[in-house]
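What follows is a set of notes on a single structure, which appears directly below.
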Amino acid sequence: MRTTMTDADLLKEAERLQVLLAEQAAKHDRETTFPEEGKTAMNHSPLNTALLDGASWLTFGQVISILARGDASFATAWLMHQGSAAMLRALVDPAQASFMEAEFRRGAWFGNALGEPTSGNQFLMPLQQARRVEGGWRLSGSKRFVSGGEGAKYLITSAVCDGQPGFFLIDKDDSVRAEEIWDPMGMRATRSQLLHLQDTLLPESRRLRLDPTQPNAIAVGLPWISIGIAEAAMGFAIGYAKERRLPPENKPLAELQWVQFSVADMSTRLEAARSLAIRSATTTDQRTPDSPFLQMQAKMVANDAAIAIATAALELAGGSGYLKSRPIERYVRDAMSGPLMAWSPAVTRDLLGKAILGLLGPPPA
Amino acid sequence: MRTTMTDADLLKEAERLQVLLAEQAAKHDRETTFPEEGKTAMNHSPLNTALLDGASWLTFGQVISILARGDASFATAWLMHQGSAAMLRALVDPAQASFMEAEFRRGAWFGNALGEPTSGNQFLMPLQQARRVEGGWRLSGSKRFVSGGEGAKYLITSAVCDGQPGFFLIDKDDSVRAEEIWDPMGMRATRSQLLHLQDTLLPESRRLRLDPTQPNAIAVGLPWISIGIAEAAMGFAIGYAKERRLPPENKPLAELQWVQFSVADMSTRLEAARSLAIRSATTTDQRTPDSPFLQMQAKMVANDAAIAIATAALELAGGSGYLKSRPIERYVRDAMSGPLMAWSPAVTRDLLGKAILGLLGPPPA
Amino acid sequence: MRTTMTDADLLKEAERLQVLLAEQAAKHDRETTFPEEGKTAMNHSPLNTALLDGASWLTFGQVISILARGDASFATAWLMHQGSAAMLRALVDPAQASFMEAEFRRGAWFGNALGEPTSGNQFLMPLQQARRVEGGWRLSGSKRFVSGGEGAKYLITSAVCDGQPGFFLIDKDDSVRAEEIWDPMGMRATRSQLLHLQDTLLPESRRLRLDPTQPNAIAVGLPWISIGIAEAAMGFAIGYAKERRLPPENKPLAELQWVQFSVADMSTRLEAARSLAIRSATTTDQRTPDSPFLQMQAKMVANDAAIAIATAALELAGGSGYLKSRPIERYVRDAMSGPLMAWSPAVTRDLLGKAILGLLGPPPA
Amino acid sequence: MRTTMTDADLLKEAERLQVLLAEQAAKHDRETTFPEEGKTAMNHSPLNTALLDGASWLTFGQVISILARGDASFATAWLMHQGSAAMLRALVDPAQASFMEAEFRRGAWFGNALGEPTSGNQFLMPLQQARRVEGGWRLSGSKRFVSGGEGAKYLITSAVCDGQPGFFLIDKDDSVRAEEIWDPMGMRATRSQLLHLQDTLLPESRRLRLDPTQPNAIAVGLPWISIGIAEAAMGFAIGYAKERRLPPENKPLAELQWVQFSVADMSTRLEAARSLAIRSATTTDQRTPDSPFLQMQAKMVANDAAIAIATAALELAGGSGYLKSRPIERYVRDAMSGPLMAWSPAVTRDLLGKAILGLLGPPPA
């Protein structure tokens, strides 16, 4: 059964989940645990299938930002789950596509296991070789940074098959073992472990024929993670500036001009990042040819905005903001993951620069 | 007769004028002369009345950016003219409003004479006192930076009348004398002289009742001046990078990674500035309450983008870009006027910060 | 007995300790434990008394940066210890001054307990009131961010005494209790707890008469903490860029132009920060009147450099740098404490701007 | 006869000339004329031979900055003259070296004609071929951006001689013709024309054997040009902020916190740039191996500081600063030449990055 929620309803539902996520975010960060209660709530929410059910990319992006405002780790893991789900249509076998969509609607979690330990940002260029077997291929190798992968039932993965990149949707069965590497600076609750695949089956029937002209949910969604973090940081800064009073005059921070300027700059950066993300999502909805470039640019601008805004909010909070008793230092740590996720600024700037200068064929409009 | 041009037609027409403007822009810059041929062409173009005829603010903004790509000085003077014209509806006397609209349609040029030598950015707060006379007021004073004012037939001006700010649309008659002060760093072709008013009549019948809830054309348009300059600078950079070959390998600049990264960064800044300007203009069309703040933020982001992009393009062109034989140094000089026009970053950040922190009443959404 | 080590010997000794500190730094960061082995080694090293024994401020600064390269937390706690020790000469009672110097030479640790929970950056302006008792004053209050304070035998503290700020060197006796608040983003091994003073004696005989014309060891030393972190981050980046090879060409990162530019920029920022810190320390040795301003400026520039360099190194390391298995994310977290320590950029810019504009009396030369 | 002026005397003398230069700087900028009165005064000043007479590089740099504070164009042309003069010792023939030194002491002006129209920044890699003749070589070619070259009696120039770069000190005789190309954005008074050489003799007896271990006066001096401009801009900003009063309260700009912060930031950038330039010059005096790298870094930091400071001062002055009736817009235009002079940031970052990463042999200490 399809949901018939309006965009406004979806955003309201996201706000409801965001409150729930925010309550536990500090705990999951401290303990490096996955927000299971968020996952449970999400599995009972129409948000989980909104994209499958035809929500616009713009609404999807806004949902991501709202969730990220509550817990950026959960929003990231959920985005990876959604990104994998968006690829279900790429299953070559229609029966498998139907089955997997049903699984998804039943609450099965999907993980993105495309990154290889040595591949850097180039997650669409697997280097690990699979060997031909009856009914498909078998791969022994490792995939890293699989956000939420421990709780996934299925994985999108890849390997070199007969010299070509092959993409598959596989069962996360006993041949897949997680190695606990996830002790990071931030985004701690994603539990993005290293997965070891030991002669794992990549079934021919679960092969994906990726269509490069179709939007990539992860590319569309990533800017909105940073926007959510930036919103959370700015919200904190405003609240703190109003409450904190400084000796000797006991005036609120908010009355100092430098604080006013700082908050104004946060807002300006945030609005620029938001505007570009909105345009990126809108052009994706319209399938205009510049949308992939706008997605990359939206990510860079939003990543930078989140770091700048969270850092400025930390400066405003002073020493007390440096302690884990307040959320702002977590926002800084989470924000700093932005440029590290694919595609990195270096990959983006290289690609974009070459495209604009006509070195990759026709430049974007 | 109203034009029935579509938005696409208006943009095409703007491109036609832009080509014409670009041809003479270097000459007018060098000689500090007004682009009279641009004015003549504009007076025969449906663009001149597009705003009066109901063009959207978004289209208006895009037209400004296209014109500014050709000659930022002309685009600025025309924006001031349009901004004055947009206030015609504020004439208290309907007969005067009709007459002035007819004058505008016949090609009369309107100038903005609101800035006072000592008022800084606060151009809606006149300090000069007018004296009560039969039929209105008389003002002896000076207004500065009146772009295109020498060729204007009418001026919007202001004075303190009985202790309150009064705004008027006046004839630029013999009591108004231009003093040649305009020898600026850039934007040289605007000829933004200082006007001296000697007992000039401010007729009661030409009083304006400004409606602060109505969009201000100048506030909407200013970001687009910077966007046009940024586009011109980036266009120059791309062309130069493709053509210029460097010893010893004789490779085009475009093949150097730092040049690719530089061009990518230009594009990213430009798209962020454009996206915010688009959103600012679109929300103005929709009259949403956040539109005045978005206009200010769009101006700051666009001003900064134009300076950064033009400066990066200059770096790319090296010593040869520093010479007036190429347009890039003019783009830099023109771009640097952006933050100096009202409202300045300091005024904007002060106002915005106070609003966000709830010190001015309810904050923007 | 005074040490007669040359400056070069002192720097060499600092390098020896730095190696020892670096070995345990990740562990202490993870477990939020104090580097006791560093403290023990330091108590047996001539470095601990170098400042008392007449080492120059320049050498002192360089020692701080070397130690901070190994473990910024230890270097910070040691700087606070040294800063307190440098105030021993301010003891009004010469017998106490001699005794305390002997205590210091015997390995007693001194803590800086000047910051109050509500005082922000203004650590020379106590707000808490002490009450007059026989032989001195008694204070009930709290002092926060006392780096290394748990292991201190003596504390520098302050209170309002008869309406005037009073400074004292006190025993850390049973009336002083540490509250464990120290769960921060970085600088975790400083264990900068909150100390509660319960009717603690501030003996008249241990009063300090602070001489504002004497150099403040903490102000001189703080820039060098950031410089040490920046050096560590840059060292990591260089090593990583040489070792890490990227598919498909399997070339080292170091051969990419953007990596070369990034490393060049790190070096340039570091050299600018170092040069200003050197000048600040040298002018302090010479007691020139601009030295206090140069110290503040050196701190701001070094703080920013450390954050920028560590962040750039993190970008270079990509996702693997985000994990605690590598030191770089710790350098980022430690670096971000820089602007939060007194004086903050806001306090500094305010003071400096007013001084330069002649609003505080004569400006610096 | 050698001068025996102390460093302090040389700086005082530079201040005297600076006042004289500042008086005419606006006029020469407007009219694109060379500061002949500055040249005359300099030819009668001990400053002109201070470098020959053994002044330290630090003093030389400080002299440059003082002159640049008065007129950056003159300081640049004089630096090129001094840089050429510093190469006299490289004349292979000792008799020629003596003669040229005498010429220099008699007031002959030397020009730097090393840049070729296509060579970009690589001014030590001539591409133009000379042909072997009796007594030397003959060159037909062009050299660009020869600051003060019209009034030079001698020129340093270069050509490919038998496949190797050859450097010569030549007479500027009738075979050398200046083409007027110098209509630049800033630094207008340098008159850095394009020189055409028509079968010009490069005498074997005037060959230079450049010693790459000897300091290059231009590389040492260039950072100080930017420092002088920055000082002038900051001086202007301070004066303006004190004098300009803003309605409605009629308070001086200086009392606004954002102005105080802006001036503080100017000062901090300037002190960082100065400190690095001082260290660069001092290590040059000491001939330490890192001095060439520090010179390059000092140039980049000073170039950026001058642009940032002049731009911030322009923002502070608002619209009135955009007019040529005030000096600040000239400081901006002059400052923007900094990164365009060799070596450019791109060349520097490339070289520096490769050196640090060990790709050019042993890295700097």
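Lettered A, B, C and D in written order, each chain numbered from 1.
The criterion applied here is as follows: a residue touches a chain if its C-beta (ideal position, glycine included) is under 8 Å from a C-beta of that chain, and two chains touch if they have at least 3 such contacts.
Source: prediction; values computed, not measured.
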item	value
Chain whose mean Cα position lies farthest from chain A	D
Interface sides of chain A and chain B: same vs different residues, half threshold	same
Chain A and chain B: spacing of chain centres that average the CA atoms, whole Å	40
Centroid spacing, where centroids are CA-atom means, of chain B and chain D in whole angstrom	38
For chain C, residues contacting two or more additional chains	256-258, 261, 349-350
In the complex, chain C residues that touch chain B	256-258, 261
In the complex, chain A residues that touch chain C	115, 118-122, 125, 127, 144-145, 181-187, 245-248, 256, 258, 307, 311, 314-315, 318-319, 321-325, 329, 332-333, 336-337, 339-341, 344-346, 349-350
Of chain B, residues touching chain A in the complex	238, 241-242, 254-255, 257, 259-265, 267-268, 271-273, 275-276, 278-279, 293-294, 297, 300-301, 348-354, 356-359
